[in-house]
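Down below is the structure, laid out as structure tokens.
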Amino acid sequence: MNHLEPIHFVAAEDSAQVDNILEVRDLNVAFRTAQGHVHAVRDVSFSLRRGETLALVGETSSGKSVTCLGLLGLTPPAPYCTISGSARLAARNGKTYELVGTPERVMRQVRGGVASVIFQEPMTSLNPVHTVGAQICESLRIHLGMKGRAATDRAAELLNQVGISDPKRRLTNYPHELSGGMRQRVMIAMAIACEPSLLIADEPTTALDVTIQAQILELLQKLQSDNRMAMIYITHNLGTVAEIADRVMVMYAGRIVEKADVVELFTRPQHPYSRGLIHSVPRLHSGRVRKTPLFAIPGNVPDPAAHPPGCTFGPRCGHFEPGRCDAAVPDLESARPGHLVRCVRWPEIEGAA
Amino acid sequence: MSATQTVSLAVPRRSLAQRYPALRRFLRHKPALLGLCVVVFMTLFSFAGPWVIPFNATDTDIRARLMEPFAGAHVLGTDPLGRDVLARLMYAGRISLSVGFAATALSVLIGVLVGLVAGFYRGAVGAVLMRFVDAMLCFPSIFLLLAIAALIEPSVTSIVVLIAMASWMEVARVVEGQIRSLRERDFALAAESLGAGDIRIMFRELLPNAVAPIVVAATLNIAHAILSESYISFLGYGIHPPTPSWGNMLENAQSYLTNAPWLAIVPGVAITLTVTSFNFIGDGLRDALDAKLDR
Amino acid sequence: MTDHKNDSSPIGHAGLGNLTRRDAIFAGAAAFAVGSLGLATGARAATPTAKPTGQAILGFSQEVTVLHPLMTSNEVDQGVWWNLYSPLWMLDAQGKFVPVLAKAVPTMENGGISADGLTWRVELRRDVKWHDGKPMTSEDVRYALNLMKNPGFKARNRTAFELITSVGVEGDHVITWKLKEPFAPLTSVLSWTFIVPSHILSKDPDPNSPKFAAAPVGTGPFRFVSRKTGDHVILEANPDYFGPPPGLNRLIFKYVPDLNAMYTQFKTGEIDYIGLQGIPANFYKEATAIRGRRVHAAQKPSVENLTLNLAHPALADKAVRKALNIAIDRQAICDQVYYGLPKPANSYHVPTHWAYNPNLPKPEYDPKKAAAMLDKAGWVRGPDGIRVKNGVRLSFTNSTVTGNQLRAQTQQLIADDFKKVGVEMLIKNLVAAVLWADFWRNSEFDSLMTAPTYTIASDPDVTHRFAASAIPKQTGSGSNVSQYKNHGVDTLLARGRQEYNLAKRKEIYQKVQELIMDDLPFLPLFNSVEIEGTKAGLDGYASNVNTLANSWNAATWRWSAA
Amino acid sequence: MGRYLLRRLLQSLLLLALVSMIAFAILHLAPGGPLSQFLAVGTLGQEDVDRLMAQYGLNRPLPVQYLDWAGGLVTGDWGQSYRDQLPVLTKIGMHIGPTLELMISSTLLAMFIGGLIGILGAVRRYSFFDHLATVGAMVALSIPTFWFGLAVIYLFSVNLGWLPAGNRETLGDGSFVDRLQHLLLPCVVLALVSTAVWSRYMRSSMLDVVNQDYIRTAKSKGVSPMRILVHHALRNALLPMITITGLHVSTLLSGALVTETVFTWPGMGRLFLDSVSNRDYPVVMGMLMFTACMVLLGSLLADLLYSVADPRIKGEAK
């Protein structure tokens, strides 16, 4: 990717952790709406290593999708949405991009080239009036400058990689001629077309049949290990997290409430919310799609425009203690090395459990 | 929560749906609200106005012909026979608005009946009725209006009938579609299984559920009817003098474009303003009521 | 724009510059009528015999539809026919017959008509050629006359032709025919009967075939070039014309369906002549002030009037009609609605007609007298101010064609006038196609406001308008829609038809006018005037009441040298 | 595809048969008759009227007249004008050109301007421009076309003298520039309503598309905004516009009639108006049939075009 000219790149050695592909510090995303300012993401910090998979878990409107969209600048433009903080992304060629506040022109090089996204709805995420081939080739042309025969061959190769048989013929198909699973494979092929260093998978299996879900997850895992990509896997389904993730980050009302290795989190969840989530999954390896996996946690996600004081989970928490929990937003504390939790009462709760 | 929905947070929607969501939505539609004010004003102006001003719409005074507006006792000037333009505008407003309302009422009546029967019975009856509707829609509206206009003597009543004849088809289509889908819903089937008569099911069970789109169509129809009246007048088949209407005021003003342009400007503005208002109201109603239907 | 370059000529230049006064038009028109046809040699002294140059666009508010000159048609069609075809003779602006295709107009004095009035003999010019080069002969005239007699042909009015029993030819240039009974109006009728080419038309077995209209051939000063229906007809100068060559190379009859649009186009210079219904009266003042345009007030043969239906219970009373006649303020209508252009009328003839009776009672306006007359006749005011007699309210409707604003205004004024004397006139206007149908034919109206021309080709015979035998509702013929019956009038009209002596005819028809205007089956309002206009520099325009359109002499129009 | 087309064609024919009956009934039940224009001149007596009625076959029973006429319609003989004896199809042929010229040019203008306004409105949603465009479109839809036409003539022809007040060409000139000058005002006037329609539908169609997932996908691939707009959004947003344009034929014909009247444009509208007012039955019938055909053809063509342009439909019909 020598033809790129990263403007906001930082020399690799300046980075504290050389191995990290992605370094996010104090990311904030706010929307301007008719009801006032809505802080969708607050003070999110995390990092990601090459080949690592980070699962982002949370309920609807917990801010997990917005975090990722914000990183790539796919949120609405400036007056409607403001992003602050810092996010540094390293490309495969060693260049590092600052993603926050970067001009659109540079961000366009990042999107699809250094970081790609797979969206939830394969049915609607492909343009119905263009062939599958044209849509894959578009990425190749933009980022790699590939044209004509070369691009088509590469696209076919990609389709082959994502497990689509007879790829040459499939290239001439329109999206509506493919099944849901096939379409998601096409989406994946498009995402990995330019060998990005970061792949964001935003609930990639939610809209698919159960049998297909497993295949897609397998494919993602295989591609990730083949290409040594870092991956952010967004889901509300803890079942799949255990299968695919290395580390897990639980978000609630725009904040990270707990961050830990996958085994650590599942075996020793610290935050009451995480515990609730885990307890609400009847069997860990359940293949069933649960539309409402949070039936065990009472109440609803708070109105993003009017958060309760202190801990935002407070009103729904079984361990809520007036005066302490609603005094101030708790800090993210280190419960163990590599295990962070945002709860003032975590030691007591752990003891009680 | 997908990003699309998050993005649409920027759009004013949601969270208002409390007691009268449709009404609230309508009240928030500013152009529609403004339109409503204009329509109320025009109606008051036309129906109550003549009591306020000292002139009559039909009194001729040939010596005071073609007086310019804002220059004397006649605020909007006088026409070629010396009649007060303001008074004529008011009386004409009565006719034009009445024509608009009456033609709409009639067209809605025909449209609802045809649509109801066609949608309820479907089969041969429905097919024949709806093909008839389709056939009527094949005529470009002005062509149809003129062809029928040739049939009748131009009076207020006949213009009302004429406009209704040329504009009931849209209503019929809307109602037919609604009824056909509503008929499959549980409550209609339930009513049927309870032994309710056809007429009862049609008017008591189905029709009330199709009111929203009818109201929208009717509002837009009023705008259309007022505009149609002016077109027919312009083409020489409208309400004829001495009964004033906005349309024939405009038509008569044609010969005086150069020496008395206000004769054309005044009714033209009245028509445009009123029709725009009705269109905006219709728009607002559609936004307000459609949302409810979608839920 | 057009290719003539004289737009900028100043107004009021020499010649026919300021012909806005009717009298002036008449004075000049006679010379042009004669001159145009090149027959009365003395009158055409100064006509230059230059080549036809330039074109003129003639705007008309009616579309030219029928190019076969013997078929049913409208007024503007005749405006084209005068340029495309020729009749045997024609009436000039002063009402004098002028021979065209004929060498002389037949009369008893010159022997063209036999002493019993039954045999007519006409000698034709020998130098006339059809536009296709074939010579025009007596055979063509015979064909035309027989065509008018053919019951399968969609002819206009056949009354006169049905009296012709046999048509004969003597060689190529003499035509004769015999009549069932003497019929004086025939001379007038023939002045509007254009001769058509037998050698083309007789080939088609269907006399109504549209083929001829697609490529008409005549003997007139202009030849047919092309036609775009709904838009225009183009004619070009005929180099073989038997009269003096036309002054213009091209004539374009342009249809402009809207009077206001037509006036606008006249102002912007898109049309060179604005005729037939012409300029709306309210533009008259403005129009006279336009630079580079001349405006003419042209007298029409029609009389604006209130036609009364004598079957109406109130209007059947002669006293009512007489009272109404003096309750109308005609001068006010002429002055205020029509900007002082027309003059109040008192007959169905225009005052310039040779048979006009100058001793008819003058138009008067006296509402007090009118009220007194109604009182005397037993019509007393009811509680609503409207008079009643024997349970009949003095109320009736008045109808005219919708879309004519000035008429609608006149209706208003008359309704106001009538209201002052306790008479109610309600206005009920109809579209033309409805009014000029059963409503008119079957006398379904109470009263009409129209401007009919009572005569046909200016002949004073008005049998079809006022004879008891011409009430369509009762006799299935004629157009006496007032349902007027007066035995005295019937007898005089029958006599007048058979009388060839002009002086005696005049006497008869003056008496007829006296009787009719005493009975008042219609209330004359004023003699119609049309405001026509020409671009300055286009010389030769002259109005003629004896034709239906003032493009009758377009052959003598020319662009003056700059 | 073929079968679908055949079915649509058969439906259209059935509709046309219905249309012909309705039109025939409307016209022949009307009072007045085709001879009124000649009666107005006043030289015809009742006997002439009776004779002409018989000659035109107007005294036969209505069903007989209808069958006679419908038979001719099928065999391509649409009858003759009562006014100038020309075959109806010839007359329509002479007037269709100017009308099509007006309709097509104004549609192109409306597509371009309206489309642009709609796209801009969608892209800059709720901006001042968007609000202005919305209100402007509503006013354009509400203003009486002829009034607007008269105002335009008054301003540009009478006062400023820039453009001709009417007609299709200067007779005797007829050069391209001259034709263009004549076309400009009526084209703009006729395009007014279409522009409003186009801008409104384009805007909402564009808004629909802009919020689609595939637009986000394209953005996430790093596609430039211009390419997203044209290649991804516009391409999809134009699909429903095909249908709108097809259904707009009817409105356009009505507008053309009014515009032609204002500008004395020698097209179908004027022919229709003249024929109706003169009760020229064969021409009026012919024109009603012809316009109905155009309307049906419009929606048929739109369907066909749509199926060509939208791969989803093309796929299904295979």
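Going by the order they are written in, the chains are A, B, C and D; count residues from 1 in each one.
Convention: contacts are C-beta pairs under 8 Å (C-beta built on N, C-alpha and C of every residue); 3 or more make two chains touch, one makes a residue touch a chain.
Bear in mind the structure is a predicted one, so any value in this text is a computation, not a measurement.
Novice: So, comparing each chain's Cα centre against the centre of all protein Cα atoms, which one is closest?
Specialist: Central by C-alpha mean position: chain D.
Novice: Consider the two chain pairs B-C and C-D; indicate the one with the greater count of contacting C-beta pairs.
Specialist: Pair with more contacting C-beta pairs, C-D versus B-C: C-D.
Novice: So which chain is the furthest away from subunit B, centre to centre on CA atoms?
Specialist: A
Novice: Between subunit C and subunit D, what is the gap in Å from one C-alpha centre to the other?
Specialist: 39
Novice: Averaging over Cα atoms per chain, report the distance between subunit B and subunit C in Å.
Specialist: Measuring from centre to centre gives 46 Å for this pair.
Novice: State, to the nearest whole Å, the distance from the C-alpha centre of subunit A to the C-alpha centre of subunit D.
Specialist: 53
Novice: Provide the C-alpha centroid distance between subunit B and subunit D, rounded to the nearest whole angstrom.
Specialist: Their C-alpha centroids are separated by 23 Å.
Novice: List, in ascending order, every residue of subunit C touching at least 2 other chains.
Specialist: Only 431, 433-434 qualify.
Novice: Would you mind listing the residues of subunit D that make contact with two or more other chains?
Specialist: Within subunit D, the residues that touch at least two other chains are 30-32, 158, 213, 216, 261, 273, 276-277, 279.
Novice: Please output the residue numbers of subunit A that touch at least 2 other chains, ranges allowed.
Specialist: Within subunit A, the residues that touch at least two other chains are 74, 119, 121.
Novice: So in the complex, which bits of subunit C are touching subunit B?
Specialist: Residues in contact with subunit B: 259-260, 280, 282-283, 286, 332, 336, 402-403, 405, 408-409, 412-413, 416, 427-431, 433-434.
Novice: Name, in rising order, each residue of subunit B that touches subunit C in their complex.
Specialist: Touch residues, subunit B against subunit C: 60, 62, 65, 80-81, 149-150, 153-154, 236-237, 240-242, 252, 254-259.
Novice: What part of subunit B is in contact with subunit D in the complex they form?
Specialist: The touching residues are 3-4, 7-8, 31, 131-132, 134-143, 146-152, 223, 227, 230-231, 234-236, 250, 254, 257-258, 261, 264, 268, 271-272, 275-276, 278-280, 283.
Novice: Can you check the complex and tell me which residues of subunit C touch subunit D?
Specialist: 1-3, 55, 57, 63, 65-68, 71-75, 151-152, 154-159, 208-210, 213-214, 228-232, 234, 250, 252, 254-258, 261-262, 264-265, 267-268, 270, 431-441, 452-454, 456, 464, 470, 472, 475-479, 548
Novice: If you look only at subunit D, which of its residues touch subunit C in the complex?
Specialist: 30-33, 35-52, 55, 80-81, 83-87, 91, 94-95, 153, 157-158, 161, 164-168, 170-173, 261-264, 266-267, 270-271, 273-274, 276-279
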